[in-house]
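The following block contains the structure, expressed as C-alpha cells.
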Amino acid sequence: MSAANSAHSVVEPSGYAKLIAGSLVAFYALISLVPLVWIGLTSIKTPTDSIHYPPKVIPFVEFQPSIEGYCNLFSTRSRQTTEYIQSLPPPQGACETITRARGMVVAGPSNYVPRYINSLIIAFGSTFLSIALGTAAAYAFSRFKVPLKDDLMFFILSTRMMPPIAVAIPIFLMYRELGLSDTRLGMILLYTSVNVSLAVWLLKGFIDEIPREYEEAAMIDGYTRLQAFRKVVLPQAVTGIVATAIFCLIFAWNEYAFAVLLTSGAAQTAPPFIPIIIGEGGQDWPAVAAGTVLFLVPILIFTVLLRQHLLRGITFGAVRK
Amino acid sequence: MTSHTDPAGLGSAPPSRNTASAPRVQTGLSDRAIAWLFIGPTMALLLAINLFPLLWTIFLSFTNYRANRPNAPLRNVGFDHYVAILNDPDIWLRMQATAHFVFWTILLQTVIGFALAYLVDRKFRGHGFWTTLILVPMMLSPAVVGNFWTFLYQPQIGLFNYVVGFLGGIPPGSFQMLGDVTLSPWAIIIVDTWMWTPYVMLICLAGLRSIPDYIYEAAEVDRASNIRQFVSITLPMCLPFIMLAVLFRGIENFKMFDMVNLLTAGGPGSTTELASITLKRAAFEAWRTGYSSAFAIILFVAVFGLANIYVKTLNKVKAR
Amino acid sequence: MKKFMFAAALAASTMLGSASSALAQGKTITLCWAAWDPANALVELSKDFTAKTGINMKFEFVPWPNFADRMLNELNSKGRLCDLMIGDSQWIGGSAENKHYVKLNDFFAKEGIKISDFLPATVEAYSTWPKGSTNYYALPAMGDALGWTYRKDWFGRPELQAEFRQKHGRELAPPKTWTELKQIAEFFQNREIDGKKVYGAAIYTERGSEGITMGATAALYSWGFRYENPQKPYQMQGFVNSPDAIEALDFYKSLFKCCTPPGYTNAYMQEGLDAFKSGQVALQMNWFAFFPGLFKDPNVGGDKIGFFVNPAQKAEGSTLGGQGISVVSYSQNQPEALAYIKWFADPEVQKKWWALGGYSCHKAVLNDPNFAKSAPFAADFLKAMGNVKDFWQEPSYAQLLQAMQRRLHDFVVADRGTAKEALDSLVQDWTKVFKEDGKI
C-alpha cells in the first residue's frame, strides 16, 4: 500500500487499499475455518472415507454422505459372527442396519447423551450461580465504599492465575472428604468460583456505566436501596448481564482440565469425553467429529450473538469498546 | 482504608448531592448491610474454593503426603521438595519447553493478530462479517477442537500433511508434525496460534479504534508519510493494548494444559512436556501430592511475579 | 452322574441367587473397564445377567491411554461411579493396600466359588496381593498376553516366498526369534503390494500411558530380562541394565527405525489395529484380546490373518495383559456387584464369554480338549499364558511406569542418549522410588 493511494486522510482509506485489505482478511478467515469445515465433513463420512488418501472433499461427488458417524456416536457396538447376527431379530432403524452391515451388533447406547446432559446442567447451573453472586458483588463494589475494595477486586482476579492443575490438587482432596468428587454440585461450585471473578469484573464495568442518579431518584420516590437495585439497576444492566452470562456459559461449556481430573462418569462433561470416543479398535473419527459438531453448534450461535461484547469479555472488562 | 462507623448506618452511601434527602424516605436494610450481604456470598465461595485450597497446597508442599496413600504417616519435609524441584535439570528443561511455547505463540499471535486488526480497520465492506468469522476458533473448546488436530496432523491421511505436501511438493508421509523432535514444538505452536490469533486481533482492533481521527488529520497536514504515521502514531498508541494482549496470552499459555495434553501428551520423549503436564503427571499419575504442591506453588509464584512486573511496565507505558 | 449333580447344584444355587437378588430387581450397577473389543463383548454377555436377575447393567469404558489415570483417580477419590472394576493387573497392589477393592476370600468360600477352577497363572497375576499369598481381591476375568499377527495371504505368495528364500535361505514363515522377525519386517518395509506401499511391523511406541513399556518389554523378556535380583528384592543394578537388556532395547529401537510405518511415534493398540486393518503392515504386535475381532474382520480377517506367540531370543516370555474383576469398596451396591461376580464365575457363562470374544481364565474353558482348536489363536494363547511376565505390581507402579515410559521414549523415539544410558537412568529412577517408599 503505497503512500500515493491515500492522498487524503488515512481515516478513510482508498478503495484500492480496502480491496486488498478485504481480500487478505477474507483469505485468512477462510483458511482458519478449514479445520472446522473439515470436522463437519468428517462427521458425514463413513470411517473408510474419513481416512481415505488423498482426502475426499466434496460431498456427493467424491464421497456419499453417511449418518454412520452419528449412529456410532450414540451407540456401542460389538463385532460378532455372521451366524450370531443372523440369529438375532431383524434390525430396527437405519443405524442398526448400518451396524449389522458392518458385521456388528448394537450392544447398547453410548455415554454421549448423559455427558452432554451433564455439560448442560453444569454449564447452566454454574452460570446462574455466577451471575447471581457476581451481579450482587459487582453492584456492591460499584456503589458502596467497601473496605479494601481494590485488594478484594485484585484477590478475585488473582484466582485466575493459578494453573488449573494446581487448583485441582487441593480441590481433589477437599471433594474427596466432602463426597463431592464426580458430582454435578461439585463441578457447579468449582466453575462458579472460577467464573465469579469474570462476572464481578465485567458486571462492575457495566454497572459503573449506569448513572447513579437513576437509583437516587428512585430512592427519593420512596424506594429502598434493594428495591432500587431490583427495579432500576437490574433492568438497565440486563444487556451486560446477558453478555456476562454467555461468557460464563462458554467457559463452563468448554472447560477441560478440571473436568478430566475431577470427574469420571456421573458428572463428567462432554469435553473430556469426546476425545476418547473410539470405535472398534481405532479412533472412530466420524463419530468424534459428529460429537464435536453437536458440541460446537451452541457456541457458534452464542458467538454470533455475543460479537458486540466479545472484547470486554475476553479482557475482563480491561478494554471497553 | 476509610471504614465508616456511622450510627445511622448511612455512612457508606455515595457522597452525592442527593444523600441529604435520602434519610427521610429510606427504609429497609442499611447500605452497609447490603454491601456485606452482596459481597459476602462471593467472598465465602472464593475463600472456600480458592483461598483455603491455596493455603492447603502450601501446607502440603512441606509434607510427604500422597493422595493415594491417605493412611501413611504424614512427615514434615521442610523445603526438600522446593530444593529438589529447583535443582532438577529435568524441571528446567520443562520450563524451557514452556518458555519456547509461550514466546513463539505470543510473537506469532501478536504479529499476525495486529496485522489482521490493521487490515480490518481499513473498514472495507463486510468487515464485520469477516471479523466474526475469524473469531470463531477462539470460542471453541481447546480440548475438543485441539483433539481434532491429531487427525489433521496424521502423516498418512491428515489434511495438514496433505496440504503442506501438495504445496511444498513433498510426499505427505515424509514428515511427522507430532512425532518428530524438531517439529512437534511447532505443531503445538501452530494450533495455539490458529486458536488465539483472533483474540489478539480483537484487542489490537480496540487499540486502533481508540486512536482519535484528529491525530491522523494533524499528521496529514504535516504531510507525514503513511509509514511515518504508522510508526509514530499507530504503533505507540496501540502499544498498551498489544501489551495487554501479550499479558493475557502469556498467563494463559504458561498454564497451557488441555490442547497440548491431547495433541502430544508431552511427547515425543519429553519434547513438548510443558510445566502443566509435568505437574499433572506428578500430581495425578504418580500421586506425589506434596511434591506436586510445591511445584504448583513455584509455578503460581512465577506467573504471579512475572505478571506483576509486567503490569508495572504496562502502567508505565500507559502513563507515557 | 457327577456331572449331573454338579449341574443340579449349580441350578439350585443360581435359583437361590436370583431369589436373594429379587430384592435388587430394577437396581442398576455400573461396571468399569477399558474401551476395547472385549468390553463390547461383555456388554453383549451381560444381557444374560440382566435377564436372569433383573439387575440392570451400566458401563463406563475408558480407552486404554486414559484408563489407568482415570480409574485410579476415581478409586483414589473414593468415587462411587463403579460398583465393579475390571482393573489392570498392575493396580492390584495399590488397590489392595489402600482398600479400594473388597477382599473376596469370604465371599468365595460362602458361595462355593473355587479359585482353583481358574488357571493358576491368571490367579497369581490378576487376583492376589501380596503376590504368592491367598488373599484374593479379584476374580480372573480376562486373560491376556502380548502376541503377534501377520498377513498370512502375503506370506503365502509364491513370488514373495521365493524372493525371501533366496535372500535369507529359509521359508517366509512366522518368526521363531526376534532376529527373524526383523528380517521379515525389513523384507516387507516399503514393498509394493497390490499397488500399495506397505510397511514391516506395527509396534508399540506410545508415550502417555504404558504403550512403549509394554512393547519394549516384549523384546526385553525375550532376552531374559529381570526386574530385580531374584536373591535380593529391589536390587536392580546389573539386572535392569544388564548387557542383554541393553542389547534387547537397542534391537527394539532398530526395529522401530527400520520397519514401522511413517509417523509411528506415538502408537499403541489402536494405532496398531488401524495399521493392520488398513493393510499397511505385514506384522502387528498386539494383545490377544483383539485377535477374535481381527479374525472376524471383513478385510484382513479369516484366511488372510495368522497369529504367533512373542518370539524368543535368549528366553521365552510374553508381556502379560489381562485383568481381574473386583468389587469396589466404595460401592453402595456391593450385594448386586457380588451377584454379578458369582454369575460370571459360572462355567457356562465362561464358555459363552469365550464364544463372544472374551478370554476366559476358567479351566472348564481352557482345559477343554477342543479349546486349542476352537480358534486359530487359541493354542498360541495357552502357550503365551504359560510364560507371561508382568511389570511391577507395587503400589508405586504408576511412578515406576512413568519413569520407564520416559526413559524408553526418550531413547527409542526421540533419539536421546544410548540404550545403556536409558536403562542406567531407569535404575536410578526406580531406586529413588523404592527408597521413597522405604523398601530399600
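For clarity, chains are labelled A, B and C in written order, and residue numbers in each chain start from 1.
Going forward, a contact is a pair of C-beta atoms (placed from the backbone, for glycine too) under 8 Å apart; a residue touches a chain by one contact, two chains touch by 3 or more.
Every value quoted in this text rests on a predicted model; they were computed, and no experiment measured them.
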item	value
Chain occupying the middle, per Cα centroid	A
Chain separated most widely from subunit C, comparing mean CA positions	B
For subunit A paired with subunit B, centre-to-centre distance based on mean C-alpha positions, whole Å	17
Approximate Å spacing (C-alpha centroids) for the pair subunit B, subunit C	41
Between subunit A and subunit C, centroid-to-centroid distance (C-alpha), Å	38
Residue list for subunit B, restricted to those that touch at least two other chains	67, 154, 156, 284
Shared interface positions of subunit A, touching two or more other chains	51, 172, 176, 260-261, 283
For subunit C, residues contacting two or more additional chains	73, 76
Subunit A residues touching subunit B - in the complex, by the definition given at the top	1-3, 6, 8-13, 17-19, 21-22, 24-26, 28-29, 32-36, 38-39, 42, 51-55, 133-134, 136-137, 139-141, 143-148, 152, 155-156, 158-174, 176, 189-190, 192-193, 196-197, 200, 212-213, 216-217, 219-222, 224-227, 229, 250, 253-257, 260-261, 270-272, 274-275, 283, 285, 288-289, 292, 295-296, 299-300, 302-304, 307, 310-311, 314-315, 318-319, 321
Subunit B-touching residues of subunit C, taken from the complex the two chains share	65, 68-69, 72-73, 76, 94, 97-98, 207-208, 261-266, 280, 395, 398-399, 402, 406, 409-410, 413-416, 436
Subunit A-touching residues of subunit C, taken from the complex the two chains share	30, 32, 35-37, 40-41, 43-44, 59-63, 66, 70-71, 73-74, 76-82, 269-271, 273-274, 277-278, 290, 292-293, 296-298, 356-357
In the complex with subunit C, residue positions of subunit B that touch it	64, 67-71, 154-156, 173-174, 176, 178-181, 264-271, 281, 284-288
Complex contacts: residues of subunit A adjacent to subunit C	51, 76-81, 102-103, 105, 107-108, 111, 172, 175-176, 179, 181-182, 260-262, 264-266, 276, 278, 280-283
